[in-house]
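Please see the structure below; I have some questions.
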Amino acid sequence: MSLGKLLERIIQLVPVLLGVSLIVFVMLALTPGDPVQIMVGEQAITAEQEAELRRDLGLDRPLVERFFLFVANAVQFDFGQSYYHGRPVADVIAERLPATIELSLVALIVALATAIPLGVLAAIRKNSIFDRMATVGSLLGVSLPGFWFGILLIMLFAVHLQILPVSGRIGYASEVLTVTGFLLIDTLLAGDIAAFGEALRYLLLPAITLGLPMTAILMRVTRTSMLEVMRQDYITFAEAKGLPRRRVLYRHALKNALIPTVSVAAIETGSLLGGNMIVETVFGWPGLGRLVVESIFLRNYPLVQAAVLLYAVTYVLLNFIADILYTVLNPRVKL
Amino acid sequence: MKALPRLLMATALAATPALFPAAVAAEDLIVGFTLDADTLDPANHRKRETETIIRNLYDGLLTRDANMLVVPELAESITQISPTEYDFKIRSGVKFHDGSTLTAEDVKFTLDRITVENAMGGQTSPRQGLMGPVASVDVTAPDTVRITLKEPWPILPAMLPNQQIVSKAFVESVGNEGLATQVNGTGPFKLVEWRKGDAIIMERFDDYYGGAADIPPVDKACVDRVIFKIIPESASRVAALLAGEVHIINELPAFSISQVESNDGTQVMTVNGTRSFFIAMNMEGEHFDDVKVRQAAAMAIDKQLIIDKILGGNAAPIDGILSPDAFGASELPKVGYDPEKAKALLAEAGFPDGIDVTMDTEGAFKDTAEAIASMLTNAGIRTTVMVGEGAQLSDKWRTKGAPKSGDMYFTSWGNGSLDPFDIFTPTHKTNDRGNSAGYANPELDAILDAAAVELDVEKRRAMYRDAEMMINADQPYVYLWVPKDIYGVSKRVTGWQPSADSRINLHDACLN
Amino acid sequence: MTVLLEVTNLRTEFNARAGLVRAVDGVSLRVSRGECLGVVGESGSGKSVTFSSVMGLVRSPGRVTQGTIFFDGRNLRDLSSEEMRAIRGRDIAMTMQDALTALNPALTVGEQLAEVLEAHDETLPSSGSARRAAIRDRSVEMLGLVGIPSPDTRLRQYPHEFSGGMRQRIMIAIALACRPKLLIADEPTTALDVTIQAQVLELITDIRERLGMAVVLITHDLGVVAEHCDRVMVMYAGQVVEEGPTDQVIGQPRHPYTRGLLASIPRPALRGQPLTPISGQVPDLVGLPPQCRFHSRCPLARPECLVEVPMRDAGPGRRARCLRLEDVE
Amino acid sequence: MTDATLAPTPPADSLFRRNLREFRRNRLAMASVIVVLIFVIMAVAAPLIAPQDPNATDLFRRLQPPAWVQGGDWAYPLGCDALGRDILSRIIYGARISIFIGVAVIILATGVGILAGLAAGYFRGWVDVVIGRVVDILLGFPYLIFAIGLMAMMGPGLMNIVLALAYKEWVIPCRVVRGETLAVRELEYVEAARALGAGPRHIMWREILPNILSPVIVVSTIRMANVIILEASLSFLGLGVQPPTASWGSMVSDGRAFILEAWWVSTFPGLAILLLVLAINVASQGLRDAFDPRFSE
């Protein structure tokens, strides 16, 4: 990986981010609903007060000027003040981001940890009962509507069995110092095993709901590429060398079979991050997705703009990571 | 099949409480609450839910008791010097959470911050409007603050409970942005941690002065800690209450009442609400410009059936805009449910075959709106419900006099002060901000303007009676009901009851 | 010379969608120590499957259904898969047609060489660093043996960083790492340029002589067989049709098929020429009746040929599967 | 192998038929095709099948349980929702919405995607760059958030949902078509057509498109399953079709408030989504196996 390639990627990012900003901007401008009126709601407000509020929010300026102002400030990582929170948008997003990332990562880990072994097993025992069940299971996994499945999980584990919490992110008896914002890490840093367990219990159902479709997809990819790899001459040759079966499977076959799995996982992580407002809604998870959807409804322009930019950067970044992983796993390719 | 390993894993992890002992201390009172606070700055928010949370951390000059009566809190006494001048004597020895003492300067600073233009770092407080025509705030003696009004405004005392007092020194040190997340109030609880979007954790403030002298017990808070846990999903809130995870939940859905009641450790508590629901009929439109059509619509709706079936009986029907609890509310002529007469009225108005109309509403009220629509349809007003977004709908309907489209709008207006000024004027005065029906009645406008500044309570009451009779006859809206606020409460909670201004005051609440 | 490998009446079947395919049907063969056996046949004649069966590498849906495979005195078919694994790579090694696909692209050459030593070599020291050093020394030695320059540095490289001929040598080095008693070389030259073909074959012959191992050379190329093999075995449609000393079989074929093969090649330029198939098609291996399989293409075919034909003696050390072998010139 | 030289590809037609035969042999896939067909029939013949008027409210039947539960009534087999409407009838009518949106979005998106992908892959150069940029930008948006934003912009309505989903959906067929076009355009028969003086339009439509149709069909069916879930998700967030029209997503959404008291309200519509999407997925898996063996095992 050369520095030049990295620079090239960053330069490629520019038109994408500009395009994304422009689209968001135009979309918000075309969306009916006046932020000022929504903010004021039922309160009494004079025309002067309203004009002043509009000026405070910068909404009195022409659209084009607002756009360039936004871009100029965004370059300096200043995304303006959230209309509702009395604080910079960047702060508000930063507070919600760890919850979203934590949920997505755990979902990703759960997905990888189940999908790869199952996919490998299904490939090794191709056409066995297990393989057929795995195939049906994975099709089921991509077909389950997350919002519905989440509700069923809550009903079963939280309401009927009462073994997992209903909603939220952690119990509150244990105070955990916020260091990273990732509760699993913060609780461990604090050495508070009980709180760590709590955090895990809260995380479980949302992570399963979020990770299930991904598990299903990754399992299919792993199985297919594993079968593809197992047909290769180098596997026959490895067997002819009298290597232990474990080594043939895991060192020779899996390393190659994982190349597509990992690429797909990196790309899918993007949709995980962008698609979890449903899960956040169902499980009362205090993440970014819910905040963005609320902000769209409240016409909290600065927040929506900043969040969408963040998503776009993440998307490009994940593609980049996918490429890097691809080269790491596949020495034939030079990035 | 993936379900099995997952199930096993789920079971394994579900067993973690055995490994990690459940971390719930006995003295945490947990409130399952619908919405997170936007900010913890008492002068920089516009939302009821935010205020509910802030008022456990901050106290105001005045507050309301369980009967909604305004009583002094941080003020010791209140004296009206003239129609435009009020003196507030500040209680002595009140401590902020950081140990400093509350002074008259802090009160002046707080009120200036709200009422003076650009007083919050170049911005004007969004709560300025709630303070009416305040001209100035002055410290007239070491323990006295005088509020001077530009014009008489009798509801000042009724509005002051909505403003909480901050520490001047603290605001100057942390700045306006700092105040959004840090708290140094005089309230019964100190902020421990705000986990944004998830929970606000507070603990008892041991140097609390005890709260309003008129609301016993005057003491520090009963519970060690209070946690507002944010649970937006109503089913999840109920489930959390039933599971004992939380002790008080707000906005208990009416259909869950029986479940909470029949559960062993929980009960339902209600309090009369302050939000009036009604249907605006576009009086500039082609059908509803005719009062007969509007009356027909009112007659077509079986309010009581909806109250009984959908709202679980937890609402008071209204025939004017005011809640039965509001100042100036009175018995009004009832529009009975009579679909046949509605049809006849429609025919009289020139629509013997009925009319086709739409009714806008927000998603949250879809069910009720659909039930109403099918009742209207049965009476010849064939109604299609259109669910829109709040932002779009207020653009469409609250046009302040600009032309509007649409036929009907199922909506509501809040009246936390229970003073008609807050609800009557905006919804009925010509071209006012909440006049979604496009109602224009100069005679009514005159009465509303006069009543707003009338100091004689009885005269004022009579004026609102006249106004109610007028709108009852003109029927610009179909007045529906004022729902109760319904709370689910664990039986372990004592010393707490809901209050009509949606405040959840946990000062006196205990947990057994 | 003692017998190293003796296969008797081997049958390997595949369960295909169209029906049961007998890819190998009643093959018997014998390889002595240090000997080189050439195996010749068209694609699909069963020559590769025969030796996959010997190595126990027949994949599902295929399986060995009949026969014995005695190697070094043990019937390989009676061994557990673990015992079989221990023999593969140590006693019997195999090289494949194309080293580009046979070497794992994701692993370094060094690792692919080391792992076979790791799996089989009991003479290696057991302690960590000494073991690593020993493996490394052996790896360098093996690469040197097959003629890779500066083997030290090249161990860290990946297969794609080598030329085609180099890769082929590396594959051979891996196969020979544990000094096997038998090397099965499956079309070792098909994927290579003509000049490099010669080098690789020289290498195999050279090492065979130095290590005293037996070699089975599976090939299309009769020229290669003529030059390098002691004996030759010709396969057709899953059966052996003729076997014997190379010079005799090539000089005087007794089976019409062998004769056809040879006739299609201009004599003086035997080597390097691909086999030109005889007119007609190889029969479908599904549900073959018990009769001479070459019958449909045989110039000497007669009605009485429609019976099952056994291998028949055709001179000293020679056998052929033809009722009319006496009639073949 | 020496005989591996590529002969001009045979007409796509016979290949297509062979693939179709292959598909018919897959019993599971055929079963799911039948399930999909049942849903389609349900949608088309909804007025004939539905036992009740799906929009008729009856507050006295509010949250009436399914027929087999105490308090149920066989006239309302799956029970009633919060307004006393028959859940079965609403599911039957809801099939119209899901299927219509799924089909409409995919047709629209595939049409646009084929045009853009063919143009990008065939002309390359700046056309490819421009289309590629637009694709990159659209991919930078999270799917649901983009759709929510568009719905807020355009307002509710059936056609707006189709548009809100198609705006981004076309990117997927576009990328597939572009890749395939790049591969196919260099093949001999295309070269031959070009040598014979065929114009780009002829080559794209007559020579390239028929040969890349298989992967496009496969991808489209898979995406259709996805689109149906996305529509349900939008409805779940309250941005779906207008009431009283029944949409499965909004039925689940409406019912989740009652889940503790009346599980049937959101369980059955959720099952309907699952069943239809699963059937489409299984069928498309079969299609993929038959039509595009590169992707399958």
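Letters A, B, C and D mark the chains as written, and numbering starts fresh at 1 in each.
Here is the rule we go by: contacts are C-beta pairs under 8 Å (C-beta built on N, C-alpha and C of every residue); 3 or more make two chains touch, one makes a residue touch a chain.
A quick map from chain label to UniProt name: A, D = ABC transporter permease; C = ABC transporter ATP-binding protein.
Since the structure is predicted, the reported quantities are computational estimates derived from the model, not experimental observations.
Chain centres defined as mean CA positions place A nearest to the mean of all protein CA atoms. The centroid of the Cα atoms in subunit B and the matching centroid in subunit D are 44 Å apart. For the pair subunit A and subunit C, the distance between C-alpha centroids works out to 53 Å. Centre-to-centre separation of subunit B and subunit C, using mean CA positions: 88 Å.
Among the residues of subunit A, those touching two or more other chains are numbered 32-33, 140, 151, 154, 159, 281-282, 297. Multi-chain contact residues of subunit B (touching two or more other chains) are listed as 233, 235, 239, 242, 389, 391-392. Within subunit D, residues 152, 155, 256, 259-260 each touch two or more of the remaining chains.
Listed by chain label, the pairs that touch are A-B, A-C, A-D, B-D.
Residue ranges of subunit C in contact with subunit A, taken from their complex: 55, 57, 85-90, 93-94, 96-98, 101-107, 115-116, 119-120, 158, 160, 171, 174-175. Remark: subunit B residues 233-235, 238-239, 242, 253, 255-256, 258-259, 305-306, 309-310, 363, 366-367, 369-371, 373-374, 384-389, 391-392 touch subunit D in the complex.
If you check the complex, the residues on subunit A that touch subunit D are 15-17, 19-20, 23-24, 27-28, 30-33, 126, 135, 139-140, 142-149, 151-152, 154-155, 159, 223-224, 227-228, 270-271, 273-275, 277-278, 281-282, 289, 292-293, 296-297, 304, 308, 311-312, 315-316. Subunit D makes touch with subunit B in their complex at residues 55-57, 59-60, 62-63, 82-83, 152, 155-156, 238, 242-244, 254, 256-262.
Residues 133-134, 136-137, 139-145, 148-150, 152-153, 155, 225, 229, 232-233, 236-237, 249, 252-253, 256, 259-260, 263, 266-267, 270, 273-274, 277-278, 281-282, 285, 295-297 of subunit D are the ones touching subunit A in the complex.
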